[in-house]
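Have a look at the structure that comes next, please.
Letters are used for the chains, namely A, B, C and D, taken in the order the chains are written, and counting of residues starts over at 1 for each.
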Amino acid sequence: MSSQIGKKITVSVFGESHGPAIGMVMDGTPVGIKIDTDYLAAQAARRAPGNDAFATPRKEADKVEFLSGVKDGVTTGAPLTAIIKNSNTHSTDYNNILNCPRPSHADYAAGVHYKGFNDIAGGGHFSGRLTAPLVTAGSILRLYLKSKGIEIGGHICQIGGHIDSRFDPVNVSADTLLKLSSGNTFPLLNEKAKDAMLKEIADAKSAGDSIGGAVEIAVTGLPAGLGGPMFDGAENLISKAVFGIPAVKGIEFGEGFDFCSMRGSEANDQMEIRCGKVACTTNCNGGITGGITNSMPIIFRVAIKPTPSISLPQNTVDLTTNQNTTLSIKGRHDPCIVPRALPAIEAVTAIAIANLLAEEAQN
Amino acid sequence: MSSQIGKKITVSVFGESHGPAIGMVMDGTPVGIKIDTDYLAAQAARRAPGNDAFATPRKEADKVEFLSGVKDGVTTGAPLTAIIKNSNTHSTDYNNILNCPRPSHADYAAGVHYKGFNDIAGGGHFSGRLTAPLVTAGSILRLYLKSKGIEIGGHICQIGGHIDSRFDPVNVSADTLLKLSSGNTFPLLNEKAKDAMLKEIADAKSAGDSIGGAVEIAVTGLPAGLGGPMFDGAENLISKAVFGIPAVKGIEFGEGFDFCSMRGSEANDQMEIRCGKVACTTNCNGGITGGITNSMPIIFRVAIKPTPSISLPQNTVDLTTNQNTTLSIKGRHDPCIVPRALPAIEAVTAIAIANLLAEEAQN
Amino acid sequence: MSSQIGKKITVSVFGESHGPAIGMVMDGTPVGIKIDTDYLAAQAARRAPGNDAFATPRKEADKVEFLSGVKDGVTTGAPLTAIIKNSNTHSTDYNNILNCPRPSHADYAAGVHYKGFNDIAGGGHFSGRLTAPLVTAGSILRLYLKSKGIEIGGHICQIGGHIDSRFDPVNVSADTLLKLSSGNTFPLLNEKAKDAMLKEIADAKSAGDSIGGAVEIAVTGLPAGLGGPMFDGAENLISKAVFGIPAVKGIEFGEGFDFCSMRGSEANDQMEIRCGKVACTTNCNGGITGGITNSMPIIFRVAIKPTPSISLPQNTVDLTTNQNTTLSIKGRHDPCIVPRALPAIEAVTAIAIANLLAEEAQN
Amino acid sequence: MSSQIGKKITVSVFGESHGPAIGMVMDGTPVGIKIDTDYLAAQAARRAPGNDAFATPRKEADKVEFLSGVKDGVTTGAPLTAIIKNSNTHSTDYNNILNCPRPSHADYAAGVHYKGFNDIAGGGHFSGRLTAPLVTAGSILRLYLKSKGIEIGGHICQIGGHIDSRFDPVNVSADTLLKLSSGNTFPLLNEKAKDAMLKEIADAKSAGDSIGGAVEIAVTGLPAGLGGPMFDGAENLISKAVFGIPAVKGIEFGEGFDFCSMRGSEANDQMEIRCGKVACTTNCNGGITGGITNSMPIIFRVAIKPTPSISLPQNTVDLTTNQNTTLSIKGRHDPCIVPRALPAIEAVTAIAIANLLAEEAQN
């Protein structure tokens, strides 16, 4: 079930970049979620191409059509299906990659996996465009989570060598998260690094190149006790979800890799009674201990590799002749995918969190 | 199914640190694996306590008993069950944590999750001891993978501020991996940092404290094409598995977080025909593109937090009185869990890889 | 995952009778299946309404549109999505059942399950119309199974008190199954009972009533060894699938309930070498022993209750007033659903068999 | 995951008839169930061999040992493991079936499935003995269900041609079910047929033969709304579970196969307000409509084939020579397995019902 995620609330994603439509089916949808179409459109716009200098100029309406599971704008609990029709596709752009896989793309690996039957135009099912239905699914579940007081948000925390501030892991507020995810296509906690980041992207673009980066996500309002030991814990589910977004290559919770050089006495989150409730005075663990939420905000960072599609010439192989060759990738590509990956990562986080919440329910 | 992992080859782990026994059931076991008990013992010994200065002095026989699924030393394909009886338990050591959760341990979160019914002695089901049956399961599957030419191995790549060399991501050999995982309880690629690492651990120990670190894992001999798009890809399954090991807080594939400051032109793995086969000239992606193996070695690093059990006094709360209090953790604890986490991480990697291989099979 | 079936090849069904469209996503689709649109249309026609005297006069084009997973008429292995747009809906026919659940329909139970949020028009997600995408999915997988020499077919074996002959459980041939499932909307092994069956249906119809019946299914060409012990065996998967078709209330394999009065000496399928291969001289077990195929044809029968929608007045309750009331169901309804249920049952059988085959594959 | 059942509460069964031990792991166990060891022993005794004239004389203590998941006699929520050590095994009894599969047993099919690696002694993993840990699991969940007012029970409804009365599908009471399942090894609603049934069994036994039968199960106290459409409905889950019990060959809910000759006007369960609540005046549907419980008792019947192990000589094949041969099965065997299958069927019903309840829970 490779393009499915979630056990109790299952999202199945389908479509190819240049096929008739992309979309998703959500089985196990909670009943009674009021679909706020403005909210959905705002989240979709954050992910949409053509926002800015850093994004591909491909323009699409990306209108979401609901085929099932919604009645009078409210979820019925039956499988919810939403599709987005494709348009504005330039399949001929991809003719030269049919036999010459693009370096660091899925092309070669997918060709072996699917024994050559896969649709390669625009990356086919591996295209970043497939994150659009994920954003639809995630937005619906974010509306559900909001009704439980749970907020998800994120910011760009690194582009090239330029760093944004980090979330205050103890005091990050729902308001901050709301503001970050309200439509800004380049959300930062601190605007200071913005110009340098944008220049880094512009430089990469003018060089026919691309640049990597990272995002940081926070989730507030979670009750303690969600998740479980070993393999269905909060970190397991979130990481499984986040690696579903193309170009993601790393994830770290709380202090993450910084833990390597910390001592327990500084890394441990000591506890206290705050406002009558159990709380931690620090949040190095990013809100999760033993795979289970501990009432502190969930905090994690995600590494995103530079877009593999660059226009500089690259070495590759011609699969028809089994010879070396070079490739110059044409077509429309983002010099930096980080800003558009952010809402997709927030979306799959919402799917993971909604499942953690649903799994916890007990009769 | 919180303590289960794998869809086609499913490992269910059970047991509590101070209960009668711990163990695992493997459903969907490949038939005909010859159980090499020496190999299993060697892998178990790497994880066992009491190896060295850096480990807890608790000594255990950790004898594995097979209850099912093995006949004349060969797997039958029926569910395979292995148990390890507990002994040498000092439950009274844990009396003071019943109501005063240990900072950064699962205690508080698990108490909420299980509504207070969980067994807390020795960490209960959350104890690192539960990785012993995982090592059994992983060792059996490693024997299976070896028969397909697939080798898994790892080394300690960081303790505190001290760094080991990294794997050569293109040329890492099965021989290197075999040597690393053959019984050395402190495997390094380069012995240069060893003394500094051991001193770091000794210093932490003598201070009643603990220290974090990281390990690096490689998998060689994998065919291209294993995995799939989106959510059941190689990175998704491996990360879901690895976060099942206590104290793991981050994972990165290939260049991981270093991708953030790389350009596409340096990050992309260009391709060539090598010895008549498609190969990459670099391996920044750690052997996985689009969630699918691309014939290069899989390479990833895992961040491990400092052992939360330290003897220094810490602030916590008394759940019976809802008041602040302090706690000094007694009992036997590792000042650095990294060396013992390594074979456990290799083991769950084997479970993930064996499932990727099994899922790929087609009629 | 209530509207999903299959572990390795997963079919997710969606849609409501009177919504914009119904459809299905098949994840894990085998690659390289050539979509024979004539075959798909012929199977769809068998299930379509308006075939005959016994069926509802609702006429629909039921044109299948592929949104993903198919390229140049061949499956790519990526999730395959097919939708069928709804048209010709008379939602006003259902106004009176909003508050007065129809006896023996899902109305009341579904209303509780979905807390009143479900779409009730035309039965919503519980409508028999949802079997149309199942027939699409099943037809695609039947093409795949045909390429492996596996054929599925069935006949009406009972309508009211009238009985058709049974399959010869040992010698039933692929040719017989092909002929039965080639487009005949009232397939029988022996035409003798046809007139009496049709009269039974006509009588029920003219009385404003409905009539039940049964179908018998056979699967030929299966290798021995598919399935497994206990809970993922062939009988478990087939029965789980078949109870997904509305109105199914019983299933029996081989001699089924007739085993109750048999002795072992007559019920046991004795074995012999036939044409150099292991075979059974009888097939009382319907091709499955210990949950595993034994090389004999799979044979099972399925009981189908009379259509609950009848025009005769019935007692029900008014949920708004909590009072007793009576209901006369209007709208278009089949006096006997058995002929249309048959291709749907064959379709889900194909999904179950394709999964058994896929699960058996081993590296 | 062939020997696993349940999605939220997952029971993994393991062991071979003549191995060291059999057992089960229950992951997702509800917390706080008080293990009533007398109740567990009483249920185990109903399934145990040697009860009566109709059962095999093999005597076993069948002592259940808990390895995990229970603390002070109460479930902790962590995976619960129970084992039963094997003893009193006569493996030499099975020497002659190694190469000559017993007709209608799993021997041949399993041998192909497991490529000859399976353990055949006593039927190995396919032995009816594996139902012992299922009875343990089911008994624990029955204690849980009892605390919610849900009762499960059953009776022998047919042996050979002799029939017991059926449950009153509308008024069957928890008291009746309690009485039936309280320890009587041959429970009937009406004792009238008992002598004829016992004589039927005795006759089969003295002829070296065996006899089939059927059981009827009822579940009372269920709320409406459990289950769901299509493939995870109550009928799907129960049938998948029940076909896990060896020798089961058919299942029918409510009127089942009798629906085939009924008209809708007699088959439909008309509705009324009874004691202020929505109820049905009849219960032909056996408590389930549209896959969802409708507040009426669940009623179903299960067909059980005659024990395939008979001492009369039978034709089989010698797999080493590929020649026909004959086989006389020695060893200890039940002339009628129906009485011992009954508590096993009740047990898996409990697992299915507990999962339906757990799945329904919502935050």
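By our rule, contacts are C-beta pairs under 8 Å (C-beta built on N, C-alpha and C of every residue); 3 or more make two chains touch, one makes a residue touch a chain.
Only a predicted model underlies this, so the values are computations on that prediction, with no experimental measurement involved.
Most remote chain with respect to subunit B, judged by CA-atom centres, is C.
When the C-beta contacts at A-B and at A-C are tallied, the pair with the greater total is A-B. Taking each chain's centre as the average of its CA atoms, subunit A and subunit B sit 26 Å apart. Note on chain placement: the centre of subunit A and the centre of subunit D lie 46 Å apart, centres being C-alpha means. For the pair subunit A and subunit C, the distance between C-alpha centroids works out to 39 Å. Touching of two or more other chains is recorded for residues 1-4, 7, 13, 78, 113, 125, 229, 360 of subunit B. On subunit A, the positions that touch subunit D within their shared complex are 7-8, 30, 78, 148, 229, 357-363.
Across the interface of their complex, subunit D is touched by residues 1-5, 13, 101, 103-110, 112-113, 125-126, 130, 158-161, 204, 207, 209-214, 223-233, 235-237, 239-241, 243-244, 246, 248-257, 259-265, 267-273, 276, 278, 280-281, 284-286, 288-294, 303-310, 312, 314-317, 319, 322-324, 360 of subunit C. Across the interface of their complex, subunit C is touched by residues 1-4, 7, 10, 12-16, 19-23, 25, 27-28, 31-32, 65-69, 71, 74-81, 83, 113-115, 117-119, 124-125 of subunit A.
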